[in-house]
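Just dropping this structure here.
Per-chain residue numbering starts at 1, and chain names A, B, C and D are given in the order in which the chains are listed.
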Amino acid sequence: MIERVRVAVVGVGNTVSALVQGIALHRATGDLVGVRRPVIDGLGVGDIDFVAAFAISPERIGKDLTEAIFLPPNNFPPLTAELPPSGVTVSRGLTDAAEVDRVAGELAGAEVVLYAAPSGRQETARAYAEAALRAGAAFINITSDGVARDPQWPDRFAAAGLPLLGDDLASQFGTSVVHHALLRLLEERGLTLTSSYQVNLGGTEDFRNLVENGNTKLQSKLNALAVDGSAADRVQVAPFGYLPHLGSHKVAHINIEAQSWGGASVSLDVKLKVHDPSGGAGGSIDLIRLAAGALRQGHGGCLAEAAPLLKSPPGTPV
Amino acid sequence: MIERVRVAVVGVGNTVSALVQGIALHRATGDLVGVRRPVIDGLGVGDIDFVAAFAISPERIGKDLTEAIFLPPNNFPPLTAELPPSGVTVSRGLTDAAEVDRVAGELAGAEVVLYAAPSGRQETARAYAEAALRAGAAFINITSDGVARDPQWPDRFAAAGLPLLGDDLASQFGTSVVHHALLRLLEERGLTLTSSYQVNLGGTEDFRNLVENGNTKLQSKLNALAVDGSAADRVQVAPFGYLPHLGSHKVAHINIEAQSWGGASVSLDVKLKVHDPSGGAGGSIDLIRLAAGALRQGHGGCLAEAAPLLKSPPGTPV
Amino acid sequence: MIERVRVAVVGVGNTVSALVQGIALHRATGDLVGVRRPVIDGLGVGDIDFVAAFAISPERIGKDLTEAIFLPPNNFPPLTAELPPSGVTVSRGLTDAAEVDRVAGELAGAEVVLYAAPSGRQETARAYAEAALRAGAAFINITSDGVARDPQWPDRFAAAGLPLLGDDLASQFGTSVVHHALLRLLEERGLTLTSSYQVNLGGTEDFRNLVENGNTKLQSKLNALAVDGSAADRVQVAPFGYLPHLGSHKVAHINIEAQSWGGASVSLDVKLKVHDPSGGAGGSIDLIRLAAGALRQGHGGCLAEAAPLLKSPPGTPV
Amino acid sequence: MIERVRVAVVGVGNTVSALVQGIALHRATGDLVGVRRPVIDGLGVGDIDFVAAFAISPERIGKDLTEAIFLPPNNFPPLTAELPPSGVTVSRGLTDAAEVDRVAGELAGAEVVLYAAPSGRQETARAYAEAALRAGAAFINITSDGVARDPQWPDRFAAAGLPLLGDDLASQFGTSVVHHALLRLLEERGLTLTSSYQVNLGGTEDFRNLVENGNTKLQSKLNALAVDGSAADRVQVAPFGYLPHLGSHKVAHINIEAQSWGGASVSLDVKLKVHDPSGGAGGSIDLIRLAAGALRQGHGGCLAEAAPLLKSPPGTPV
């Protein structure tokens, strides 16, 4: 029987909630609903144990991880009536570079560190990467902060024989995935794009952050669509809308106007409704197993196999 | 300069209207809007000349092709204010097997016969194939009647060194194309399909026919989605709706319900609006050039390159 | 404290399931969610007791009403984890006119008979009306079979001092209600209707029946839209689609194309998703209380107040 | 034969373009498509003559009105191939209070002044109102700047026997109109609102302005929905999106989630696509005739009949 992966999480937001709950649900039912890859490097979805967790907010610190994930502003709903306590008590997260050693100490025994704090604090992200290095753990950065994109970090992790996966997790099934697939389909079938837009609405804390520093993210959305040349001028991303009553749902409206043979008009309207945190957890579960598999096989640094799961893998601009 | 392909059309419906008009528009403007492949085997979109046309309805017979395409029940709109006469007078179509020789005579000089009559008359389709064989022309069957699927026909055409392309043209951008792409995307991303449906509404004569003998076509739609196993039970195609006021538009509503990580719900709703005849012409223009290219290079029988453009290529059940 | 209304139900389908469950839920929680009129003639939503129930299918007969409502083909979901048994055993329904007296006997003590069997058996509907008359109970026909529209029946009920409410219950919030409201809004605002359609998809047994004898119902749908003159030609109802996986959901797609000032185009696309049986129960709860109130005040025959809740009130053609 | 109304316009934007073109189209064709009221106080849609026009941008000044309306950033499309010149040369608009007398002089002979400049310059709006007073003309303010809401202005116009209509024209068929109608319908049918949102996307200069000072307008949108109490918390208006490729189109996505009987879920999704300027002109054409009718009958001050056409009629807060 394979040894379970020992995972530490940084940040106890909606994505970690979906991850923790989904694993528990899978263990209880054996269900593989919504799972992209049942087994990676011999590791099943249930072969993951949480061994440490870090958060900043005082309400979370000192709670069991399975309790902390339901505290506001988290709003991802309970997936199962019975969630056994994890036995992991949430620790005080790092707020100062001087604490790297303290955190590294608490990471002892962890094989993989999943960095899932709110985006926008690059120094903090890198401090945790440093702590992982010192603790001899693989590091996964699912935020948009630049770590794996900055060549010095992959180099250091490679030298230490530790995997480094990042940056910025692509959702399992989000607006970019659908919009991109449709624009590609259009192109394959020979249609000429006239114009296209997407609007994203959501009710999570992540969305509130997006609305506040939206411009960067809008550009990143356009990058994710990977449209170029004249098409890029024809695709527009409307401002994010934070609508609290959507809870952990994200709703996207996508429109595509095009022309087929003879210039005849083609219209495509899409409404997509997902639970945002589920999409994040659905990708994280694969990254964790890829990282653990590589670590156990002694492969350090970046992993080509992880790139399709990331928005900004190494090689993209910081 | 390449010699233009000499094409005979059987049936003067909406698809032929879109084809004839689109070619004229391209010649007038040089525009490549909505064109999948600008050049095939050296042949551009404008390198096609119509040399014969056949129809059954008395109103069409004796008219110039560019006039006949606007007669009811055709309802594909004019694409350009100025459509120069084709110089091709619509002939009386074949209604009796005894007329094969007469038709073969009228096909003299044609390189490619595009069979685009209403679906549902297999004997007629095969009689025209016979006439093409006798006249030494390639044959393209864009209807759902079985010709190329019945091995004896490809064999005979191969023996004669004449290409045979068919059966049943896939639209350039129709409901099946979009629905199939989304179901595939779902699968790639690891989502579990809960249920899905599509509804197709249209206002052309083709749609009226579909409504009358809908069951076969509904099954064929499911085949086109290429979903199998348990997924097949979860995808349903609602009855076709004939709504005359839609004119040559087709509207489809597609819904997909699925589950992502942890069983979280994912909903996708799509409205697609296209000009049906444009989608047919956009595929035909490629088949014609593939057939002409093969003919000129002496390749008879079926063409692997044509299969992606067809719903029922050789090898699928009749 | 007001005396509860004693109600007998004929037919134990989805609508009765939603009615029985909704009343129990209200009693347990006091909740008035989705209730149009909390009190009618002094009667609250919970002031209803079921005293008899009739069904044809052997599986239902002999079961407690609260058990029978969950048997297939019923598919309206459980609304509450705890549904106390009603104490009413489902009786064998009437299959022969000779049984009217037997049924009338079993109706003894009932104040209101709610006729909610499948539509399409007018003689059966009338036999139950006869039994209600003999038993001295008010009669409500929520099916499309003609009872209250045939003047002899209101006359007989009026003579007996018994209310008769029918025919054909309008859903609390269905496609017709929404489509009609939007067409009216268009008219009020001075827009010119170009064309409009609706498509209805559902997964209940009622929907399966509709698909089989769809033409009558399609016409009735057009009547419900109350569009006339040239507008009537511009509104089309596509064939009903029976999609079992929708369960008790009904989905409608409505499109409206119009012109505003200067002939500028206006497009409106609506997707409506409801639980069909809930809409039926939401109207029935009002009809029951209207009937009981009238009965107790000695008003027999038809009730003007009920007309807005009905698709075919007295005065409409049978 | 009735005497035509002599109208001066302030601002030569998209709305004035739609108004000028729509009147010309009606005169040429007699068509009443999209007209709410063919005749008001004896005045038909064509009974309007433009006699003066004011604009700020140097490109517009000195041009014939029918030429100026097509200059960027205006993007409402030409409605007719032939638009006869109006004979009205666009004058330099007022930029300084000292110019009121100059403008009043140029208004000589005008019966109605239609103030249709960009919103957000209250002092300018009031300076034109002052000029109208001095010139003895009725004044219509279709912008959101406060004029008719400030009681001193209606009083002064009433004293002078001149009509004053405003403020803020409601579109003939816009997002608010549709969203409000659906929320009202829900309430009438007894459904309980769970949550609702609207998103507005557009490509006109007006939209660009809205995006820049969106907060005020978002609140005004909520006012227009006239939802109050707990419902107000459940309706949200997402940020406006300026998408230039939409041209003069406005697209709105409206979602309503509710509960019917028994708490069953009801979902309603709407996509609305309109030409924004057409909606403004369709209301202006009625206000102009109401103002002229009142002026000719000697009724000064506000007009109750105009209130339904306005978002902020007298009595609403400035």
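Keep in mind that, in the parts below, a contact is a pair of C-beta atoms (placed from the backbone, for glycine too) under 8 Å apart; a residue touches a chain by one contact, two chains touch by 3 or more.
In this text, all values refer to a predicted model and were calculated from it rather than measured experimentally.
Undergrad: Could you run down the chains that neighbour subunit A and subunit D together?
TA: Shared contacts of subunit A and subunit D: no chain.
Undergrad: In degrees and to the nearest 5, what turn takes the CA positions of subunit C onto those of subunit D?
TA: Superposing subunit C on subunit D takes a rotation of 180 degrees, nearest 5.
Undergrad: Per the centroid of Cα atoms for each chain, what is the distance between subunit A and subunit B, given in Å?
TA: About 44 Å separates the centre of subunit A from that of subunit B.
Undergrad: Using the average of all C-alpha atoms in each chain as its centre, how far is it in Å between subunit B and subunit C?
TA: About 46 Å, centre to centre.
Undergrad: What residues in subunit A touch two or more of the other chains?
TA: Touching at least two other chains: 269, 271.
Undergrad: Where do chains touch, given as pairs?
TA: The list of touching pairs comes to A-B, A-D, B-C, C-D.
Undergrad: Going by the contact rule set out above, which residues of subunit B touch subunit A in the complex?
TA: 18, 21-22, 25, 31-37, 79, 172-173, 177-178, 181-182, 185-186, 189-192, 258-275, 277-279, 281-282, 285
Undergrad: Of all residues in subunit D, which touch subunit A in the complex?
TA: Residue positions touching the partner: 194-195, 197, 199, 201, 211, 234, 236, 238-241, 243-246, 251, 253, 255, 269, 271.
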